[in-house]
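The next part holds the structures, each set out as C-alpha cells.
One chain, chain A, appears in both complexes that follow, with chain B as partner in the first and chain C in the second.
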Partner chain A sequence: MLALQLFINGLVTGSALGIVAISFSLVFSTAKIFHVAHAGVYTMAGYLAWSLVRYGVPSPLTLVIVVVLCAGAGALIEWQLYDRLKQRRATDLVILIASIGLLAVMQNSISAIYTPNILQFPLPWASQVVAFGGIRLSWAEILTVAFSLSAYATTMWFANHTNLGKRIRAVASNPFLAEITRLEPRSVYVYVIAIASALVALPGVMVPLDFGLQPYGGLTPLLTATIAMIAGGVGSLHGAYVVAVAIAVMQNLCLLFIPGEWSVGITFFIFVFFMLFRPTGLFSTAR
Partner chain B sequence: MPLSRRMLLGSALAIPMIRPAAAQAQPIKIGAILPLTGPGGLIGTQQQRGIQFALDQLNAKGGIRGSKVEVTFEDNQAKPDQSVLSFNKLVDLQQLPLIFTAYSGPSLAMAPLATRKKVLLVNAGAQADALATASPYLINTLPTIGDEIRVLSKWLVKNGKKNAAILFENSAAGISGRDNYIKHFGEAGGKILSQEPSQFGQTDFRPALLKLADSKPDVMLVSITAAAQQMAQQYKQLDLKFSVAGTTFLQDPALIADPAAEGFLHTQLQSEAPPALAAEFKSKFNVDMEFFVRQYYNASNIVFTTIDKVLEEKKPLTGENIRNTMLAIKSFKGLVPVVFNSNTASVPFDMRVMRGGKDVLLEELKD
Partner chain C sequence: MDFYFSYIVLAEIYVLLGLSTNLLVGIIGIFSVSQAAVFGVGAYIVAAFLMSGTLGFIPAMIVAFICCVILNILLALPSLRVSGDYFVVTSFGIQLLATAVFINWTAGTGGANGLPGIPPPEILGHTVGEAWEFLVLVTVATGLGCLAFGLILRAPFGRLLKAIREDELAVAAAGKNVLRAKVSAAALAGGFAGSAGGLYATFMSFIDPVSFDLDASILLLTMVVVGGARTLAGSIVGPFVLLALPHVLMLIDIPTTIAASMRQLIYGLLLIAFMLFRPQGLVGEKL
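After this line comes the complex of A and B, so read on.
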C-alpha cells in the first residue's frame, strides 16, 4: 500500500510538472528561447489566483481570469522583451540573461507585494479528502491531475489538428523557411509564449492550492521541467510530459529503498547516466 | 589671529575629552537580526514585537540612566548568508556592541564574527546544541534543544509512546533535533523506528509522512522550524494514526490555530505573561503575547538590566563588558527566572497539547 500511495503521489506531482515541462518545451523548441521567466509566470499565476479568491471571485472564474492574464503576460514578454532584443540582434546569451533578470524582477515584486511568507489559499474544500480504497487524495490533488491531463490532451490535439498548431510546428521545424512562406514567425512566437503561459498558469494555481504559495517556489519545478524536456527529447511535447511524470514517480518510489535526502540526487543521476547512452533524449525520434 | 598647527592639534585632542559628557545624551544603540519575512517571518515578527514592547516600556520610563535605547532591526529571512551581511552592516558601519539573533543557522553563521569583533549576540529563540559552544560572545537565554528533548522523551515514554519516527529539517537546528531524539529517546527506553528529512521551507511532506507511517510508530517526533502548518494539513489528509510531538519549534500560532494540528504535543519553555502585561501588549499590537514575544521581551529586559549595570560601573558599553556583566549578574527574574551557569541559560519546561485552536498546558515538567 505504501508503494501504491507513493506512486499515486508521484503521478500527482508529475502531472503538474508535466504541464510545466510541455509549456517550457513549446517555447524552447519554437522560439529557441531558454525562457527562465516562465518560472515567474508560474509563480505569478498562484498569487493572482490567491488575490482574486480573497476578493471573493468564485474559484472557476478565478482560474479562467488567471489563465487569460498569464497568457497576456506571456505575450507581453515576447512582444516587448524577447522580440525587441532579437530585432537588435541580441545573442541567445543576452536573451537568457534578460529572461533571468525578468524572473528576478517578478519574484522580488511578488515578494515585496505579498511578503515571502507562505500563504495559504482560503479554500477549505481544497484540503478535503476523497478516499479510494486505501488511497487518499485531496481535492487539490485530484484537480491537479484532472487539469493536467486535460491540458496535455488539448495541447497535443491543438498542435496536430489546428491551423495555428500546424503553423507553430512549421515555424519550430524551420523558421527561415517559415519566414519566406509568410507564416510570420514573429507573431507565432507571441502566440506560443501566450499559450505556454496560459498552460503553466494551471499548475501555477493548482500546486499552491495544495502546498501554499512562496515567491521563490517556481525555480525548482522549472529545473525539473528543463531536465524532462532534454531527457524526453527537445521538441517532443509527449517526451517532456512523460519524463516529467517519470521523474516525479521515481523520486517518490526511491523512498522505498533509500532515505529522502538521496532521492533527488539519485533520480537525476539515473537520468544523467541514461543521457550518456541516449543524448538526444528518450523520444527524440518524434521530432 | 591665524590658527597655528599646535592650536589645531590641541583642539583635535580636546574633542575626545568632551565626548563622554556629550555621549550621556546620546541614545544607546543595539541591533536585532531576525527573520522578519520568509518561512520564518511569522515567528520573527513575534520576536521583533517582543523587543519593541520591552523597548517602548523602557523608553517611556526615561531609558537607561537618561539615555534612550534604539534598536536597529535587520531582516535575514532566516538565511545564514544574509545574516552575515546584516551583521557586518550593523557592526562595521554602526559599531553596535550587541545584536539580538534568532534561528540556529543564522546564529551559528554570525558566531565566529561575534568572537572576532567582540560583539555580543543574544539568542532567545534558537536551540541547536552547537549554539552552546559556538562562541563565548553568543549568549542563549534559553536551553539548547538537547535539554528540552531529554525531558520530552522521558514524558513520551512514560505515557506509552515507546516507538517513534523522526521528521527532521535538513538544517542546523533540524539535524541537532534529530540527533538528540536518537540519543535521548533511546536513553528514556524508547525505540526510533525510522527517520526522514525535509528541506527548510519545503511544503510537500506527503512522501516523508507516508514512509514514516509505514514503520508504524506510536509517535512522530518533529524537528522542523518552518511550514509546520502544511505538514499538519498533510498529516490530517493522509489520516495518519500516530501522535505528533515536538519541542518549542512547534510553537507556531498558525499551526496551533489549524484544526489539523488537534492533539499535537510539544514541550515549551516556561514563560507566562501576567494578565496586565498581556493586556497591555494586546492593546498595543492587537495580537496575543505569544511565546516568542515573551522570549524576546524577557531577553530584552535581561539586556537592559545588564546595560544599566555596565553604565553604573562606569565601564564603556562594549560587547565584552556587557557579556561579562551579564554572566556576573547570573540570575535574572523576569517573565521567566533565567540562570546563567554558562553562556546558555537554564529554564524550566511545560508539556502542552494543541486543542481547539489553543495551546493547552498539560503539566510542568521536572528534569
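After this line comes the complex of A and C, so read on.
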C-alpha cells in the first residue's frame, strides 16, 4: 500500500517536474541558452502567488496574474540580458555565468524580502485530503496534476499547430536559415523564454501549495528537469516529460529503501548512467 | 592587527582556490561550479586526521592533496566524454551531491553542526598558533601555488591548455594528447583546491557544510570573474577585493538577518555586471 501511495506521489511530483523540464527544454533547444535563472523564475512564481493570496486576491485570479508576470519577467531577461550579451558575441560560458549571477540575484532578493524560512500558503482547502480507496491526495496535488497535464497538452498543440509554434521549431532547427527567411530569431527567443517562464509558473505555484516555499528550493527541481531533458533526448518535449515523470516515480519508490535526503544522489546516478550508456537520450531523433 | 592578518590569510587561501577554478574554467575551459566541493573534501580530510591525531599536519596535507587530485580527475572525467552544456549539469550535480554528503553523513563530517576544535598545525615540532605565523605558512603555500600557475602559463604545457580551449579538434589533429593535458590540468586544480581546504580547516579551527556549498562555488566563480580570468594577477586580485566586501557592507547599516542574502545578492550583481560590461575582469583576459 505504501508503495502504491509513493508511486502515486511520484506521478504527481513528476507531472509538475515534467512542466519544468519541457519549459527548460524549449529554451535550451531554441535559444541554446543554459538558462539556470529559470530556477529563479520558478521560485519567484511561488512567492508572488503567496503575496497576492496574502493580500486577499482570489486564487484563480492569482494564478493568472502570476503567469502573466512571469512571462513578462522571462521576456525581460532575454531582452535585457541574453540578447545584449549575444549582440556582443559573448561565448556560451559568459552567458552561463551571467545566468548564474541572475539566479543568485533572484534567490537572494527573495530571501532578503521574505526571510529564508519555509513559508506555507494560508489556504486551508489546498491541504484538505481526499481518499480514493486507500490512496490519499490533497487538493493541491489533484490540481497540480490537472494543470500540468493540460499545460503539457496545450504546449504540444501549440508547438505543432500554431504559426508561432512552427516559427519556434523552425528557429530551433536552423537559426541561420530562419534568419534569412525573415523569421526573426531574436524576437522568437523573446517569445520562447516568455512562454517557458509562463509555463514554469504553474509548477512554481502548485508545488509549494503542498510543500511550502523556500528561496533556495528552485535549483534541485531545475537540475532534475535538466537531467530528464537530457535523458529524454534534447529537442524532444515528449521525451523530457515522460522521463521527468519516470525520475520522480523512481525517486519516490527509492524512499522505501533509502532516506529522503539522498534523493539528489539517485537523480544524479540516473544521469551518470545515461551519460555512460546512452548520451543522446531515449527519444532523440537522429542528427 | 589580528583582524588584518586573518583577512589576508583568508584571502590567500581563496587565491589558492581561485587558481584552481581559473585553471579549469579560464584556461582549459572546463566549466565548474563544484570546486567548493573539492575544497570541502580537502578540509574534512585534514580535519579528520588532525582531530583523531593519527597523522601530523604535513602528512595530512599530503593525503588531502593526493585525494583531491584523484577526486578532481574523477570529477573532470565526464567532461572528456560529454561536451559543454552537459558538463554544466554534471558540475551542479556534483556540488549538490557533495553538500548532501557533508550535511547528512553525520558520523564523518559532524553534519550541519560541523566539526569544531580542529587543532592548529604543527610543523617540525613547532605549533603554528599565532596569526602572523599562520600568515607566513599560508603565504608560502599560496606563493608556491602562484609560482606553479605562473610557470605553467609560460610553459609549452600552458599554451597547449589554451589551445585546447580555443579549438580542441585542431589540437588533436596536430598530434597533441588532449586527454592527457586535460587530466593533468584537472589533477593540478584538484591539488590546489585540496591544499586550500586543509589550510582553511586548520586556520578556522571549525568547518561546516555552509563553507563548501553552491554559494561558496559561486563566490569562487565571482572572484575569478571579477579579478579576471586567465591571468595570475586576476586570481590574486579577485579574492582580496571580494573578501573586503563583507567588511565594507558592515559600514552600511544592514540588519544581520539579511546580511548573508545581501552579500550573495551583490556577488550575483557583480557577475552580471562584469559579464555585460567587462568580461575580462579587473586585470584579466576576455572570457
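Just so we're on the same page, the second predicted complex is superposed on the first by the 268 of 287 C-alpha atoms of A that agree within 3 Å, B and C clash if a C-alpha of one lies under 4 Å from a C-alpha of the other, contacts with A are read in each partner's own complex, and residues count from 1 in each chain.
Quick note on the criterion: contacts are C-beta pairs under 8 Å (C-beta built on N, C-alpha and C of every residue); 3 or more make two chains touch, one makes a residue touch a chain.
Being a predicted model, the structure only gives us computed values, none of them experimental.
Peer 1: Specify the partner with more touching residues on chain A, choosing between chain B and chain C.
Peer 2: C
Peer 1: Scan A:S25 for contacts with chain B and chain C and give back first, second, both or neither.
Peer 2: A:S25 sits against neither chain B nor chain C.
Peer 1: Of the partners chain B and chain C, which touch A:T115 in the superposed model: first, second, both, neither?
Peer 2: A:T115 contacts both chain B and chain C.
Peer 1: When the two structures are overlaid on chain A, which partner does A:L6 contact: first (chain B), second (chain C), both, or neither?
Peer 2: first
Peer 1: Between chain B (first) and chain C (second), which does A:T62 come into contact with in this model arrangement: first, second, both, or neither?
Peer 2: Touch status of A:T62: no partner.
Peer 1: Answer with first, second, both or neither: which of chain B and chain C does A:N252 touch in the superposed model?
Peer 2: Only chain B is touched by A:N252; chain C is not.
Peer 1: Have a look at where A:L223 lands relative to chain B and chain C in the superposition and call it first, second, both or neither.
Peer 2: A:L223 sits against chain C, while chain B stays out of touch.
Peer 1: After superposition on the shared chain, which partner residues are touched by A:F211: those of chain B (first), chain C (second), both, or neither?
Peer 2: first
Peer 1: Between chain B and chain C, whom does A:S138 touch in the aligned arrangement: first, second, both, or neither?
Peer 2: first
Peer 1: Return the residues of chain A at which the contacts from chain B and from chain C coincide.
Peer 2: In the superposed arrangement, which is not itself an observed complex, chain A uses residues 111, 115-116, 259, 261 for both chain B and chain C.
Peer 1: Residue numbers of chain A touching chain B in their complex, please.
Peer 2: 2, 5-6, 9, 13, 111, 115-118, 120, 127, 129, 131, 136, 138, 211-212, 214, 251-252, 255-256, 259-261, 263
Peer 1: Using the touch definition from the top, list the residues of chain B that touch chain A in their complex.
Peer 2: Going through chain B, the ones touching chain A are 37-39, 41-42, 77, 170, 195-198, 201, 203-204, 206-208, 210-211, 213-214, 226-227, 229-230, 233, 236-239, 260.
Peer 1: Taking the touch rule as given, give the residues of chain A at its contact with chain C in the complex, in rising order.
Peer 2: Its residues touching chain C are 28, 34, 81, 84-85, 90-98, 100-109, 111-112, 115-116, 215, 219-220, 223, 226-227, 230, 259, 261-262, 264-265, 267-268, 271-272, 275-276, 279.
Peer 1: Given the complex with chain A, which residues does chain C contribute to the contact?
Peer 2: 25, 29, 31, 33, 78, 81-82, 84-86, 88-90, 92-94, 96-97, 100, 103-104, 214-215, 218, 221-222, 225, 257-258, 261-262, 264-265, 267-272, 275-276, 279, 287
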